[in-house]
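Listed below are the structures to be examined.
The following pair of complexes shares a single chain, subunit A, combined with subunit B in the former and subunit C in the latter.
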Partner chain A sequence: MIRRPFLTLLAAVAFTIMLGPVVILLGVAFTAGSTLTFPPEGLSLRWFGAALAYQPFLDSFRTSVVVALTSTLFALALGIPAAVALHRGSLPGRRVLENLFLSPVIVPELVLGLALFQQIMVGLHSTATAALVLGHTVLLLPYAVRVAGASLALADPRLEEAARGLGAGPVRTFFSVTLPVMRPGILSAAILAFVTSLNNVPLSLLLTGPGVATLPVEMLNYVQSSFDPVVAAVSVLLLAGSVAVALVTERLVGFTKVFGR
Partner chain B sequence: MANTAETAAAPGTPVVRLDGVSREYGKASGAFAAVSDLSLDVPRGSFTTLLGPSGCGKTTTLRMIAGFVRPTSGRILLEGADATSTPPEKRNIGMVFQSYALFPHMTLRDNVAFGLRTRRIAKPEVLRRAGEALELVGLSHLADRRPAQLSGGQQQRVALARAVAVRPSVLLLDEPLSNLDARLRVQMRQELLRVQRETGLTAVLVTHDQDEALELSDHLVIMNGGRLEQQGAPREVFPAPANRFVAEFLGYQNFLTVPGHGPVTVRPEHTRLLADGEAAGGDGVLLDAQVRGVTYQGSHCLVEVAAASGDGEATLHCLHPGDDVRPGARVRIALPHRHLVALAGGAGTEDR
Partner chain C sequence: MFRRSAMVALLVPGLAVLAFGFLYPVAATLAAPPDGDPATVARETAALLSDPYLLPVIARTIRVAVVTTAACLLLGFPVAYLISRAPARWAGRLLALAIFPLMLNTVVRTYGWLVLLGSNGLISDVSAALGLGRPQLLYTETAINLGLVQLFLPIMILSCYSSLSQQDPRLEEAARGLGASPGRAFRQVVLPLAMPGALVGCTLVFAGAVTAFTTPQLLGGARERILSTLLYSRVNVSLDWPAASAVALVMTVLVLAVSVLSGRLTPKGSAQ
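Entry: the complex of A and B
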């Protein structure tokens, strides 16, 4: 039956390592007991109730969503023109610019966070939310440029010329041809950016201020002081949200398109 | 719209005139000229073909006519007016690309209507003319499909419909048939010709396929190294290539130097292979030769010989009606004067 026993075993081990903790977390979240132990002591939804009743989680969730939405929008607003310029313009040093847009991915987020912390929060006395939005925009920009640009890189560069030849000026060409051609890429970039922002810890950790925290940071704070399954319940909710987003993405554009390049 | 009487130039004016046009790339020190000092007229109503090997500047020339590439010097006149720095959207052109370049997010109808919508034409008129154009290429029944649902040949017909729908002053065809398979390519030639005839449009085609060029064009422009080598009607150019490059590109294989003629070329069917003692008959050049190889082709044989020509030995290909020669045989080759095509420039006798 199994023709490649070694590979099969390897795959099984990999899946266990990847999914094992998730399964344990699921178990812990539904426990009826009051400690983070596995296997769960009976089944209940009490920790979900507790999580939804805990005000700091609700506040930080709202902050997270606001920050994720705003920074995604900003990243796209900056990233789409950048992607067009990179793929369609005759910019000198295209390669260098392309790598520059990738640099936030290469620079450790803590370093980026610290730099932003010093420059923006301390230097400009900005609010924590503004700093978070700015920091996350920087974080998400490479995704916007790369993923939105991928659909452009795959499209025929003659499309714009065809539009120009048919009498459309540069602006009309951009809105009636370039942007629609980029649509699947933009959608993918938006979803990917949103999820990335929502789950980010290192950058947010440095940019949160008094009374303002994102959900992952608030969760981190929580586990430092308490040891009950509330965090597990929140994690399961976050996981469910991410899976839902992934499924929607799959339905709309297909994962291969999003992560194919 | 630029198709009304006020902009239409006099009937004799060429639709496109290139006046000493050059296009150089790179810095002044190491500049590479894709097109050098090209002057060319595209006659009204003609099917003009720019023919040449890749890198000869034919595509750059077409892209300069379209306005996608700006000449580094010289002038481009469209309908008699200087259009050198006019952006493509204001040139009233219709362009068909090798890659079709159909808008993937639009139906065929919207693709074809695109150019009409940019021209502020009333909506019913847009739909009517888009429908007409699709009808012209026989794809009305697929008007609501997207390009991805079509075969390559169908896509290229839509691209053609999209280009002619705007009634351009010139139809620019950038190797439109190169992405199609061999059989379809030959079919599409006639389709292309039919559409051009029915619409009465002036067309400029870029191709590297000499058969396509000979079949389609009434004005043939042969280019090499960014320069014009020869132009004229195919019936004038083909029997009388001006130089060795043109001759080779049109499929001539025999190059030799004949005393009193200089460098010449001659087609295999115009040579005569004489057996020992056979009289030449008529006037012509007689060369001693030795048979190198014989290829049997049914109704005739293709005989390759090494002939003693004016400046050494030349390899000639001769069409011979019989099957009575064998490799190694000593023969004489008769070349009638009237079939010798004199070539300008240094047409050597070296083998290719």
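Entry: the complex of A and C
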């Protein structure tokens, strides 16, 4: 017996809205027909073949992965030291500094994208790839500072004091005590940052150049200009990749711990 | 652990990137785009706020964000509540299922609606079969609302769940034991205690809906513009940079206002 019929009904509607369109996508991707119809007109893998033969998708996928990896590394390299200073530095104005590091979240991504396009790409003649890496690093920095910092906030600072007391220098203390303590947080931040970068549309939208665009932006442009199911096939491939990432994440740190922030 | 000067040195690279990649370009663009000056942006913003064609765009943006937020709360809160009261094994699985869509990009998540709402889509076919004709579903405000509710439900569920999972279920049981009906216990005990999480969820969803781009672009198109899609067309179609800056300014102020307002409403020290 269902104890709360009204709440259960609302929850069922919620899950239908969240997951229904994704189920439709699966149907469309495996269709043998050439239009966006559900239920599909027969089954085939032809649109997967078409997706993998479409050069702009392959190029933009490579761009997306390069941008996501580079900006995740940059964000961690900048964010981890900042998190250490914010949590262990007993600095004056700590809250102001922390808010400054989290502030990119407040500004609409589309606005940041426009700003980088005008000031960095047009103003300073940078390449689209460089602007993408810069923009994504800024976008991911708050995740790195907050998520990596969270594990530091939970750790006991006396561990580090003990290491210092036993004669370790500050650098050795950092690498053999602080960094290992932060490991789960760093791993969570890295996964979250990578997925966030890979999926971004509004920031990447205007940061395009000849032959350079990220995969989601290329997909968006394709959907707006043609009405065949190629993008559904690409989506199903990305869906499969996301399931794999989710399973690995579950093994490493816990899926809901990382994406439930 | 380190000396204070060393600690400051750890912050410098991050601050430098923020200054160069965030503060400087955003300030420069909002104040004066490359081919304009502050006066141009101010003039464009004034024009935007008095243009009879553009005011409905601002109104639609706010309306869409309000409807999306309300619908996400109405549908997401029950999910969060049921998960927080489910046996641990089920709770973990349901939460993972609710969060999983966050791993997919917005084109992937919105695509299904094109199929459902299209002029030869599933809903249209059913409606025609019932003799109700083929209503325009795609490129309507309703389509934008549906797409955005789908997009932001996971965030609302997570925010509500963070409050609800910290609540002691025995409080609700105590209310029942003292004679409250299930509905009354829910309204007078569960809901008030879950307010901080729900408020955070509403803020995140509202800000997200005001700034979302992909979904309103695909489901609203040029017919039903909101601020974000208007900004894009100003940059890419009409190539009018001062006008784009004006739209960006209005959008940023809207989001900031909502964040400040909800910060005022949130009790100090509650979870973010």
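Rule of thumb we're sticking to: the second predicted complex is superposed on the first by the 255 of 261 C-alpha atoms of A that agree within 3 Å, B and C clash if a C-alpha of one lies under 4 Å from a C-alpha of the other, contacts with A are read in each partner's own complex, and residues count from 1 in each chain.
Throughout what follows, a contact is a pair of C-beta atoms (placed from the backbone, for glycine too) under 8 Å apart; a residue touches a chain by one contact, two chains touch by 3 or more.
Model, not experiment: these values are computed from the prediction.
Chemist: So if we stack both complexes on subunit A, do subunit B and subunit C clash, or do they fit?
Modeler: fit
Chemist: Is A:5 contacted by the first partner subunit B, the second partner subunit C, both or neither?
Modeler: A:5 sits against neither subunit B nor subunit C.
Chemist: Of the two partners subunit B and subunit C, indicate the one touching more residues belonging to subunit A.
Modeler: Of subunit B and subunit C, the partner in contact with more residues of subunit A is C.
Chemist: One more residue to check, A:42. First (subunit B), second (subunit C), both or neither?
Modeler: A:42: touches no partner chain.
Chemist: State whether A:211 touches subunit B only (first), subunit C only (second), both chains, or neither.
Modeler: neither
Chemist: Which of the two partners, first being subunit B and second being subunit C, lies in contact with A:116: first, second, both, or neither?
Modeler: It touches subunit C, and subunit B stays clear.
Chemist: Go through the superposed model and pick first if A:93 touches only subunit B, second if only subunit C, both, or neither.
Modeler: neither
Chemist: Tell me the contact category for A:158 with respect to subunit B and subunit C: first, second, both or neither.
Modeler: first
Chemist: Tell me which partner A:183 touches in the superposition: subunit B (first), subunit C (second), both or neither.
Modeler: Touch partner of A:183: subunit B, not subunit C.
Chemist: Between subunit B (first) and subunit C (second), which does A:103 come into contact with in this model arrangement: first, second, both, or neither?
Modeler: Touch partner of A:103: subunit C, not subunit B.
Chemist: In the overlaid three-chain picture, which partner chain does A:167 touch, first (subunit B) or second (subunit C), both, or neither?
Modeler: In the superposed model, A:167 contacts subunit B only, not subunit C.
Chemist: Looking at subunit B versus subunit C in the superposed three-chain picture, what is their shortest Cα distance in Å?
Modeler: 8
Chemist: Go through subunit A and flag every residue that touches subunit B in one model and subunit C in the other.
Modeler: Touching subunit B in the first complex and subunit C in the second, residues 161, 164 of subunit A appear in both lists.
Chemist: Quick check on the complex: what are the subunit A residues that touch subunit B?
Modeler: 155-156, 158-159, 161-169, 172, 176-177, 180-181, 183
Chemist: Can you name the residues of subunit A that touch subunit C in the complex?
Modeler: By the definition above, subunit A touches subunit C via 4, 7-8, 10-11, 13-15, 17-25, 28, 35-38, 74, 77-79, 81-82, 84-86, 88-91, 97, 100-101, 103-104, 106-112, 114-120, 122-123, 134-135, 137-138, 141, 145, 157, 160-161, 164, 170, 173-174, 178, 195, 198-202, 205-206, 215-216, 219-220, 223-224, 231-232, 235, 238-239, 242, 245-246, 250, 255-256, 259-261.
Chemist: Which of the residues in subunit C end up touching subunit A in this complex?
Modeler: Listed in rising order, the residues are 1-4, 6-8, 10-11, 13-15, 17-18, 20-22, 24-26, 28-30, 33-34, 74-76, 78-79, 81-82, 92, 95-116, 118, 120-122, 146, 149-150, 153-154, 157-158, 161, 182, 210-214, 217-218, 228, 231-232, 235-236, 241, 244-245, 248, 251-252, 255-256, 259.
Chemist: Considering only the defined contacts, which subunit B positions touch subunit A in the complex?
Modeler: Where subunit B meets subunit A, its residues are 66-68, 87-95, 97, 99, 101-105, 114-115, 118-119, 162-163, 166, 172.
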